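Single-structure report; data block below.
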């Protein structure tokens, strides 16, 4: 593989990412499944990097799940999105930071639609005004939260306590990145590095000392696929997608996976367990599976935050092998303790896959 | 006459005796082997035949075929003479030689080598009438054999002299046997000539002996006597020892073949003993080479029947299978074979053995078709009869539901719609109530499957078609494809249904006056399709039809000598280019004298020739249809 | 000396037109931007449909151009700067400041090969074992057809229509020569490595010209090349540096994947980079649909540009095979001759 | 193993890396015209069996070339060997022989 070739392509897919003054919206799935990730995004931005990121409890879902499950019409979604933008406008911000890539894709799609069809925008403005009395401006910049971390990756690297390097061997960790379908496949120019050889996560890994694994099914869906997962008879397809990816990455012996999207870490993490329990197949070393992280978790780890504060105990595939490789200290006893030291309960351990 | 040596022995008889004992032993073993391969019923037939009056016919046949080679005489006089002079001459030498022993040395009858080396052991002291008669006879037959051998040598050098374009190429084993055979009689002649001043001799041996005597003044001829007898004995030994491994095995097996054939045994399967005898009976005379169109038309010499039998005999299964998959099964070689080896059947047997009925077939769709298709209830002809101007000619429609004729066009005819259309028009013109069984596409008749060696598959298809044909209630089955015709007629069990090819049926309609035709100005020749001609013996009917509709010319390639179009369904392995070469060659031969149209009676032949495109090709049904005289077309008087 | 003509481009079309015009006694300036004649022909190994060495043809043409030096003056390393219309004829200013007074200009600037990097999903420039047809041709020329790591390729796939018939790269036209080149190169691979499995991924096989169908037949029957009707969808690299390709076998209606040692992208033709600039300088029209120069019509004025005294030859008016290019060049010479003698 | 009420689905993708190339090469060696096919479908359109079933000789030949023997084994028993396909084939493919050889190979490899 020629990195220069990729760099040439990355050059074509640059986007303007402001490095400060963001209006931040959360992700439905992440705030439930990986709440610490969003928390630490804000924490890192504000405390470590000193940026202005505004957040309001008044924002709602973007409606993306309903949209991709074919249950909510695009006009309705537009009104929801318009309301979020109104909140941003009211707060006095022009840069919009999105935690979820499905939301990000949807915002991009809607803004593109409004720009192409001004009459649709006018209609949305009218509807929002009639329904809520609010008015809105289209953000000057819509950035996915990972775009911002990408933009600030070198600042993070400068403050980092750890590098994504195997302490014992001195070799960089082999990292699989997965950007998620809705990030750049629909609008390649809205994603850092485009859709074929996306750079957003690759850039972070590069800056933090790891090595990116380019494996054949890197473009493939993580297995979420709204229509597949949410409809139980189709759920086998969801599982099969994930299986396909893991079969493909297995020969590359990756140490970890870094993800961009709310659903991806969830499915790449949980389905490893299901594959192990139904097929008896495990990936990674010692039947441990390949640990899956969000980019905020990885940023938090290199900055030296405690793994359990970053919420890594909620992963199905335990992060311990990666922590050991990097040399990040952790207290196994504290894994299932809450912030105040209370017992949060231990999960039942699966049969075929080692989870800690 | 009296003996020269009291012990009646000389070491030079030993090689001969080795060969002789070997051949006898081989004969016994081979016979047991063949009989063992036969099914019990055939074994019974063999025994029964021995005690039936037919045994005399067999003896006559063996005499005519093995010794006189009457069949070869009929085909090629010079070749016939060559074969019979060697076979009959040799036979007579043995017979007369034995009689001589009985006459002059009856106490030596038990010595098998005695008649062979008679001239060495016995001497004529004074000229007797009996002696000179035998001298004459023996020399006469020796001369006969020698002339045959001389011709055989010429044949090897200049086959054109025999009117043969091709002859077989020989391998080392055949060459060894052949050279031994060529040596035997010249050596005997030399030995007897050298000995003739002691033992006496006839016009030939003594005559030449005297020449040698003259030479005797320069070189001592007597020193050559025993070496030539030795050489003679050695030649015999070599010939006998190579006999089981050379083409000359046929000398032994052909008589057995005739016996078994007359006993009613056939090559029903690959390992049947009769099949083995047939293979060993192939003398590799090469008479099948010239008729074979694979050889003459497509340079596929290695595929000829003579090579096929050789491959079978020497266990070259792959080559034999390839030859079987190339063979057009036109039967021209079978017809040419003087021994009567049915190599086409042998090829079919081999294909069958290769398949071993192991391929699964799934024709359940055939069953559902039978259930879904209304046959006798609403005959197709009922609609046809109600419409169209041509129905004016219809004289009657039968009251009962069963049509008079069930018409089966066949798969191939669907690719030559002109044939189907013509037949339908003819039926209508003749007022025949018919049902067109496979108008919308039908089930294959099964013969292609059979020709591929797959009996089980073929039978499944036959069962379906039998059911469908009988369900129509028609008493006559007319088919347009000779491939279908052949199997319908010979293999199907269609109780109470006459099976006719449309050539036969057209003649019947004409003779019965149900259709009338006018004679056109076209000139044409008729091409006999293999399946209709050589396989089914339909030669006369098409010609009787065609005389009425066009100016029929004749070619040398008619009847049993008809050519194959090269597109036989049997030859699944033959490349298309080769098929085309054969078709082109056949068409060229048939149209050496230009004609307007080549008429045939088979959709395959028609398509094959039509693709060459050098002359108009029509099916007999099409030409009859064109020349139909419809009642309303005639001026009213 | 008769009239004078400037020919822009010293490829096969330029050379052949120059020779035709020289044969009629015209003075020709052959303006070539590089320092060698031959254009793409100089980079090719063997020529379809009968595997003639490209070098032989090139040598013959260059030899003839040299022989005709009384008539043909080759000006290397220069490009056209501007053209001015004069009372009689045209004044051509070259980048080396030479000014030519000519009676007609023939544009024979040829084509550029499609940049395969533009089809990102095919991984050209990223995976070492993904080549273009031109790269493979160079390997043939160097007699070193091996994978990046020096291995002998066991499986090779050719992808037809890369950068042709593709709206995504704004090349909706067929480049004409890629199908037959793919078949040629597939056969050449099989000649070199008879044990290799060779796949041709095509959308349509456009075997339109003389002997092409026979080549295709030979590729199938003699060389056993696999033809898969389906367009390559994506390419990735396996852990051992091989190329995993995905396509649909549309004749079976089933997706398929396959690992190959070498993937060859049959890059199509596109209008050469100078087209737009030349169009402006010479007042030529460019077809909005394929971006090649437009001719006055496609029949009797197939070599005439819309501007007076300007003629067009070869692949600058759309993809052409070499025989077609040479014929087009001769026909352009004839057009110029008629124009000048009218 | 646990049952979650769903499981892996079989992929419809033909994986050409895992197929046995020798089988198809054997057929091509025994019947060279096998390689001539350019998938025009004339054979399928004229097929006597195809009138009643989904029998598709063009597809079957291609499946053999792609090593997809399971589907071939399912379908090939429907052929009646009538030979119409051979007649109409513009490339002179000996289709009947190919069907017979496919059968032979299927049997030899115990695929059917």
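A, B, C and D label the chains in the order they appear, each numbered from 1.
Here is the rule we use: a residue touches a chain if its C-beta (ideal position, glycine included) is under 8 Å from a C-beta of that chain, and two chains touch if they have at least 3 such contacts.
Owing to the predicted nature of the structure, the values given are computational and were not obtained by experimental measurement.
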Those chains which touch subunit D and also touch subunit C: A
Most centrally placed chain, judged by C-alpha centres: D
Greatest separation from subunit B - chain, by CA centre: A
Comparison of B-D and A-D (more C-beta pairs in contact): B-D
Inter-chain centre distance, subunit A versus subunit D - centres from mean C-alpha coordinates, in Å: 46
Separation of subunit A from subunit B, taking each centre as the mean of its C-alpha atoms, in whole Å: 84
Centre distance in Å when subunit B and subunit D are each reduced to the mean of their C-alpha atoms: 37
Interchain centroid distance [CA atoms averaged], subunit B/subunit C, Å: 63
Subunit D, residues touching no fewer than two other chains: 32-33
Residue numbers of subunit B (touch at least two other chains): none
Per-residue multi-chain contacts in subunit A, two or more chains: none
All touching chain pairs, where touch follows the definition stated at the start: A-C, A-D, B-D, C-D
Interface residues, subunit D side, partner subunit C - complex: 12-17, 21, 25, 28, 32-33, 35-39, 58-59, 62-63, 65-66, 68
Subunit C residues within the subunit D interface of the complex: 197, 205, 216-217, 220-221, 224, 226-227, 229, 246, 249, 251-252, 254-259
Of subunit C, residues touching subunit A in the complex: 117, 120-121, 124-128, 234, 236-239, 244
Contact footprint of subunit C on subunit A as seen in their complex: 1-2, 4-6, 8-9, 194, 196-197, 214-219, 251-252
In the complex with subunit A, residue positions of subunit D that touch it: 1-9, 11
